[in-house]
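In the two complexes below, chain A is the common chain; its partner is chain B in one and chain C in the other.
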Partner chain A sequence: MKGFTGPIYSYLAAVLVSMVLVSLLLALFRIPIFETYTLLITGSLGSMTKLGDTLMVSVPLIIASASLVITFKAGLWNIGVEGQIIAGAVAASFIARELQMPTQILLPAMIGAGFLGGAFWGLLVGLLKIRGGVNEIFGGLGLDFVATGLVVYLVIGPWSRKGIASTSGTEPFHENAWFPTVEGFRLSPLAVSVSLLVVLMVIFVFNRTQFGLKLRSIGLNPNSSYRFGIPTSRYILTALVLGGAVAGLAGVTQVASIHHRLVPSISGGYGFLGILVVLLAGYRPFLVIPIAFFFSMIAIGSIQWQLRLGLHSSLGGVFQGTLVLSVVLISAMRLLRQRREKHVKTEE
Partner chain B sequence: MNPETLAIVISYATPLVFAVIGETITEKAGVVNLSLDGSMLLSAMTGFAVSFTTGNVVLGLMAGGLISSNIALVIAFSSIRLRLNQIAVGIVLTLFAAKLSAFLGQDFVRKPGPSVQDLHIPVLGDIPGIGPILFQQNLLVYSSYILVGFFFWFIFYTRQGLNLQAVGERPEAAYARGIDVNKLRYFYTALGGFLVGLGGAAFSLDVKLGWSDGHIANFGWIALAIVIFGGWHPIRAALGCYLFGLLQLVALKLQPLFPQLSQVLPIIPFPLMIMTLVFINHRKIQYLILRNNVFGRFITGRAPSALGESFQRL
Partner chain C sequence: MRFKLLPCVLVLLFTLGACSSSGDIDSDSFKLGLILVGPQNDHGWSQAHFEGASYAVNKTGGELITIDKVNPADSPNVTVPQIVDDMISQGANLIVATSDDMKDGVLEAAAAHPDTPMIWASGDTAWSDGEDYRSDLKSLGNVMGKMEYGKMIAGCAAALQSDTGNISYLGPLINAETRRLVSSTYLGAKYCWETVKGKSVSDLKFKVTWIGFWFNIPGVTQDPTVVVNDFIASGSDVIISGIDTTEAIVVAGQAADSGKAVWAIPYDYEGACSEAAAVCLGVPYFNWGPSYHKIAKTVIDGNFKASFEWIGPDWDDMNNHDSSAIGFMKGDGLTSDNSKSLDEFIEKLAKGDLNLWKGPLNYQDGSAFLPDGKEASDKDIWYLSMLLEGIEGASTTE
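What follows is the complex of A and B.
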C-alpha cells in the first residue's frame, strides 16, 4: 500500500470523478454548482488576506503530513500524530507561560520545547510498540485521547483563567510568545519557514542519508531488513520519536501563531487530516506541500461557502474525503487491472 | 447506587454493546473496521432522519445498520480485492462519513423525533433487585442481552463459529480445509458493520435523542478501545461497555465536586486499552499474575493472529 502512485492522467481522472460526485451532491441539495467551485478559488486566493489565511492553515497541515511521511515510509501506521501535536503545543505553552524572556530567546525555546514534547509522546508510542507489544495504531490512538484528556485538564484546572473554569482556553500568552506576523496580515513568515524546513529535512533524510534508506527498507520488508542486519526495533523507535518531534512543531505553530493560547481543540484535527494528505501524496514529501495547500484552500474557501451561500461547514470535509477515496480506490483498481494483465500474459 | 441508577447505566451502554459486538465479530474474522467513529455518526444521523420522516423507529434502526454495513463492505472490498491497507481506508472513511453525517443531517439538527418505547417484561421485571435494573427497559436493550449470549455461543460452540475463528487466526489453514476465507470475511465484515450501525442508530433513537453535528463523536473510538479491553470476547466486551457506562455516570455525579475529573474520565477506556494490550502481550506479566486459573483464562484475550492481514489465494 503506497497511497497514490501512477501516471498523472489517472490522478486527474480520480479528481474529476470526485468533482462529479460532489457536484451530484450539490445538485441534490439545489446548490449552484459553478458558483460553489469558483467561490472556493476566490474565497481562498482572492485577496492577500485570504491567501495569507490559507497559507497559515497549511502550515500545521504540512508539518503534520511531513511527520506522517517519516513513519509511514517506515511502514508504521502512526495515528498518534494528533496526540503528538497536542504534546508539542502543551510543552510550548508551558514555556510561554512560565518564562519571562525577550522574543528572540522565547520563540526558539518554545520551538525546542514543542520538538521535545512531541518527541516524548512519540517515544511512548515507540516504547509501547517495541517493549510492550502494543501495535502503534492502538498505542497512538490511545495516547491521542490521553493527550486530549491532559489538555482539557490543564485548561480547566491548573492553567485555567482566573475565576473561570471553562473549556474555552487559557489566558492569551504575552505578546513576546507570538510568532511575528507580516504587518496587517495573519501570515507569519517564521511559521511558513518552519514548515518548509521540515519538509526539506524529510526529503534530505530519505534521499541522502543511510538512516532514511534503512527506514525505507524496513517499511518495505521488516523481516528481510532485520536479517540483513538492520537493528529494526531501534530504527522503528527512532522513526516514531522523530515523527513525534516533527508533529510537536505543528503544535508550536498552533499555539504561537494561530491561537496564542492553549485551547482543548489545539490539534485542529491536523493529525488525521494529514493522513489524507500523505495518502494522496503517495508518501512523497515534496508533494505534501501542494496537496496540503489545496486542502487549506478548501478549508478557507468553505468559510466563504458558509458566509455567501449559506452552505454547511462540513462540505469542505466531504469534498476532501471524496477526493481521497476516489484517488485511492481508482489507483488501486488500476493496479489490479495491471496485475490481471500480467497474470494473463504469463499464462499464455 | 440505587436500582434506577444501574438501570440508566445499562440503557446508556446498550448502543456501545451493539457496536462492540459488531466490531468483535469483524475482527474475529481478521478484518479491522477502523471507520467506527464515522460509521456510527452516519448511522446515528440516518437512523434519526429515517425515523423522523417515516415515524417508524424500526425502519430507522435498519437504515442505520444498512448504511454502516455498506461502509464496512467498502473496507472489505478494498482490502480483499484491491489489496489496500485496511487501516488507511478505515481512517479515510472515518473522516469522510463523519463530515457526510454533518452535511446530510443539517436539516434534522435539534428536532424532536421518535424514540424507542419502554417495554417492561412482566414476570422478570418484577424480580426484586435485578428486575428493575435489567428487565424494565426496552426491546433494544433486551436484544442486546440476547446478542451477547448468542455470539458467545456462536463463536465458541458452533462449527460456523470455529470457521469464523479459523479465518481470523490461520486463513491458510482454513482455506486448506475448504473454507472460502474471503467470502466469510466479506460476510462477517458486513454483519459486524450492520451491528455497529444499529449501535449508532440506537444512540440517536434511545440514549442521546435526536441529531446534532458530531452527535456521538468519539464513541466509535471508545468502542474500538473496548473491543480490545474485552479481549475479543463478547461477554467481556459487553461488561467493558457497562463499566464504561458506570464510569460516565460516576463522572456526572462527581461533576459538582471535581469539575476537572469529570471532564477527564471519558478518556479512561484508552489507557485501559493500552494496559490490556501490554498485559496480554507480556508473557512475564501473564505468568506472574494470571497463572492457570479460571480468572486468568477469562482475563487473557488475544488478538486474532491474522488481524488486519489480507489473504490472497495463490
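What follows is the complex of A and C.
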C-alpha cells in the first residue's frame, strides 16, 4: 500500500492535466472557461469571509486526513474513519446537550468527549481485527453504518425536537457550546488551531518518537517487525485508537463550529475525502494541509459556479475527481518510466 | 436673486434625495435569490418554487439567482447563512429560503442582514399570533399556500376511486405542517367515503408511514420506494404522496404496468402526474408565482414589510396561474363519474358550504380536539399537535 510519492512538479502537472480535462468539458458545453476558474478563486479566497469559509471547510478535512495518516502509515486501511468522526460528534453533542456549563469548561469537555468517542469507535475496529480476525476495511465499514444508524436514532428519537420527528437534526446547541468565531466572520480560530495542532502532533509522532518509528516499521513489513520484537497487535490497536481519537476531533469541529447541532450527515463525507487527500499527499502529514485546503477551495469556490453561471452543483465534485484521476495517471506514468529505465540499465 | 433661488434648489435636492432613499429598485436590476432544498428539476417541491420564482422575475424583470440541493446530505460544505452572504454580495434584493429544514440558517441570516428582505416559505416567524414569532427579525417574512384544501380534495379523490378503502399516505417527517396535511387528506377521504359513496367509516383504512425527511436520503431515511411497495403489498389501492419527490406515483405506475389496480396522487408540482399519467388521480400543487411576484413588487417599490401570508386558493379558478396559491390538477386515472363527484366536492368547499375542520373532531388518541359545531381556527390547524382519530400511524416520536 503506497500513496503518491512523486515530487511537487508531478502534483502541479496533475492540477494542469485536470484543469485541461475540465476545460475541455466546459468548452463542450460552451461555458466560459476563464470565468469559471476565476470564480473558483474569487469564490474561495476573494474576501475575508470567503477565506474564512474555505478555512472552516478545510478544518475537518485536515483533521480526518491527519487521522488517516496515522493508520495508513501503520498499514491499516481505516475506512472506519467516517464512523469515528460521527462517534466524536455524538459524544461532543451529548456533552453540549446535557451539561450546562460556561464556555471555558464546556468546549474543552466537548473536545475531550469527542476525542474519547472517536477513540472508542477506533478501538472497536481494532478489537474486531485483533481479536476477531475481521479485516479493518470490513470492520470499519460496518461500524460506519452502525454510527450513522446511531445518529439517525438519536436525531429522530431521544434527541428529536419537541413534537417533531425529522432527520433534519437536533435543536441547535446553546451558544456556550459553539466554538467562538472572529467577529463578523464564521472563522473559528480554535477550530483552525485544533487542526494545525493535530497535524503537528502527527508529524512529531512519526518523526520524533519510537512509537511512530515502530508504526512505520509495521506498516512497511509487519512480519519482520514482529520478528524484531515489536508487539504488532498492540501497536495496530493503538494506531486505530489514536486514529479514531483524532477523527473524533473532526466530529467535534463539525458540531461545534459548523452545524451547531447534530445532523445525520455530520461527517460530511470528510473521512472518505480524507482518504483521497492522504493518498495524494503520499502519507506525508505536512502535505495534507495544502491539499486539503485546495479541496476546500473547490468545495467553496464551486458554489459560485451555480450562483453566477448557473452550472450544476456537482461540477465541483467532477473537478475533484478529475484531479485525483490525473494524479493517479501521472504517478502511474512516472512509475512506468522508472521501471523502463531500470530495465534498460539492467540489460546494459 | 441667487439667494432667493437657494431655498428652491435645496427643496428640490431634498425631494430628489427623499425619492432615492425610499428604497426603490430599478426592476431591471432586481435580483431574487432562491435557495432550494432539493434539485430544481425534482418534479416536486423545489421545482414548484423554482417555477414560481421564475414567474415572478419574468413579471417584474431582473434576474433569478438559484442554488439547489442546500441540505447537509447533498451539500455538507454549504450553509444557509453562507449562501445568503454570497447572494447579497451578488446584489440580491430579496432572498427566499424554501424549506422548513432551513429554519436555523435563515433565522441566523436574517439577524445578520436586517436590511435585506427575506422570505422563509412555510415558516411562521412573522406571525404575530404564532408560537414562533420573532419580533426582532423585521426583514423576514413568511409565505405558505393553504394546501389543506388541496389535500382535502386529494383525500376525496382517493376515497372516490378506491375499491378497497385501503388508502396509504407516504409521509415525509413528522411536524405540525405534515400532521395538518395528513389530517386534511383524511378528512377529505372520510367525507367522500361516507357522504358521497355512502360507506361506513369503519371500512376505511387510512395509514401514514413517515420516511423521516422530505425526500429520500440513502442510509438516513426510509426508502420511499420500499415503503410504497409495502403499501401496495398490504392491499392499498391508492397511494397519496406527502414527500417532495415522485416515488409514490412512479412505483404505483410500475405496479399498474404489472397488472395491479393501483392509483396515486403525487404532491407539490403541477406536472407531477406526467411520471405515470394513467394511474394519476390528480395532484394538489403549489403555485408560488403570484405570491413571489407580489412580494418582489413590494421590494422593488420600496415598501416591503415582513408579514405572515397563509394564502388560500382562488376559488373562482383554483388552477389559475396568475391568482391561485394552490391548485388541484385532475389526473387521467380519475373516472368521469368520480371527476364529477370531485367537482361537486370542490364547489362545496369553494362556496363555504362545507368546512371539514369542524367539530366534533377527536385526536388520534380519542381525546377531544374540537367540540360539536366548533370550527377550527387558523392556529388550531397550523399547530395541530396530533393526528386526527381514524388515522393509523405515528403522531410524534413520544
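The working rule: the second predicted complex is superposed on the first by the 347 of 348 C-alpha atoms of A that agree within 3 Å, B and C clash if a C-alpha of one lies under 4 Å from a C-alpha of the other, contacts with A are read in each partner's own complex, and residues count from 1 in each chain.
Note that in this section a contact is a pair of C-beta atoms (placed from the backbone, for glycine too) under 8 Å apart; a residue touches a chain by one contact, two chains touch by 3 or more.
The structure presented is a predicted model; accordingly, all values stated were derived computationally and were not measured.
S.K.: One more residue to check, A:S168. First (chain B), second (chain C), both or neither?
M.R.: Second partner only, chain C.
S.K.: Quick one: classify A:V318 as touching chain B (first), chain C (second), both or neither.
M.R.: A:V318 contacts chain B only, not chain C.
S.K.: Identify the partner contact of A:E136: answer first if only chain B is touched, second if only chain C is, both if each is, neither if none is.
M.R.: In the superposition, A:E136 touches no partner, neither chain B nor chain C.
S.K.: With both complexes overlaid on chain A, does A:G157 touch chain B (first), chain C (second), both or neither?
M.R.: Both: A:G157 reaches chain B and chain C.
S.K.: Quick check for you: in the superposed arrangement, does A:T148 touch first (chain B), second (chain C), both or neither?
M.R.: It touches chain B and chain C both.
S.K.: Which partner does A:E82 reach: the first (chain B), the second (chain C), both, or neither?
M.R.: Once the two structures are laid over each other on A, A:E82 reaches no partner at all.
S.K.: Who does A:G268 touch here: chain B (first), chain C (second), both, or neither?
M.R.: Only chain C is touched by A:G268; chain B is not.
S.K.: Under the contact definition given at the top, report the residues of chain A touching chain B in one complex and chain C in the other.
M.R.: Touching chain B in the first complex and chain C in the second, residues 145, 148, 152, 156-157, 165, 167, 313 of chain A appear in both lists.
S.K.: Contact residues on chain A for chain C in the complex?
M.R.: Contact set of chain A toward chain C: 43, 47, 49, 53, 57, 145, 148, 152, 156-157, 160, 163-169, 172, 186, 258-261, 263-266, 268-270, 296, 299-300, 303-304, 306-308, 310, 313.
S.K.: Using the touch definition up top, name the residues of chain A that touch chain B in the complex.
M.R.: Answer in residue numbers: 1, 3, 25, 77, 79, 128, 132-135, 137-139, 141-146, 148-149, 152-153, 156-157, 165, 167, 272-273, 275-276, 279, 312-318, 320-322, 324-325, 328-329, 332-333, 335-336.
S.K.: Please output the residues of chain C touching chain A within their complex, sorted ascending.
M.R.: Where chain C meets chain A, its residues are 65-69, 72-79, 81-83, 85-87, 89-90, 100-101, 104, 173-176, 210, 212-213, 217, 219-221, 385, 394, 396-397.
S.K.: State the interface residues of chain B toward chain A in the complex, per the touch definition above.
M.R.: Chain B reaches chain A through residues 34, 78, 81-85, 87-89, 91-100, 102-103, 106, 213, 218, 221, 224-225, 228, 259-260, 263-264, 266-267, 270-271, 273-274, 277-278, 281-282.
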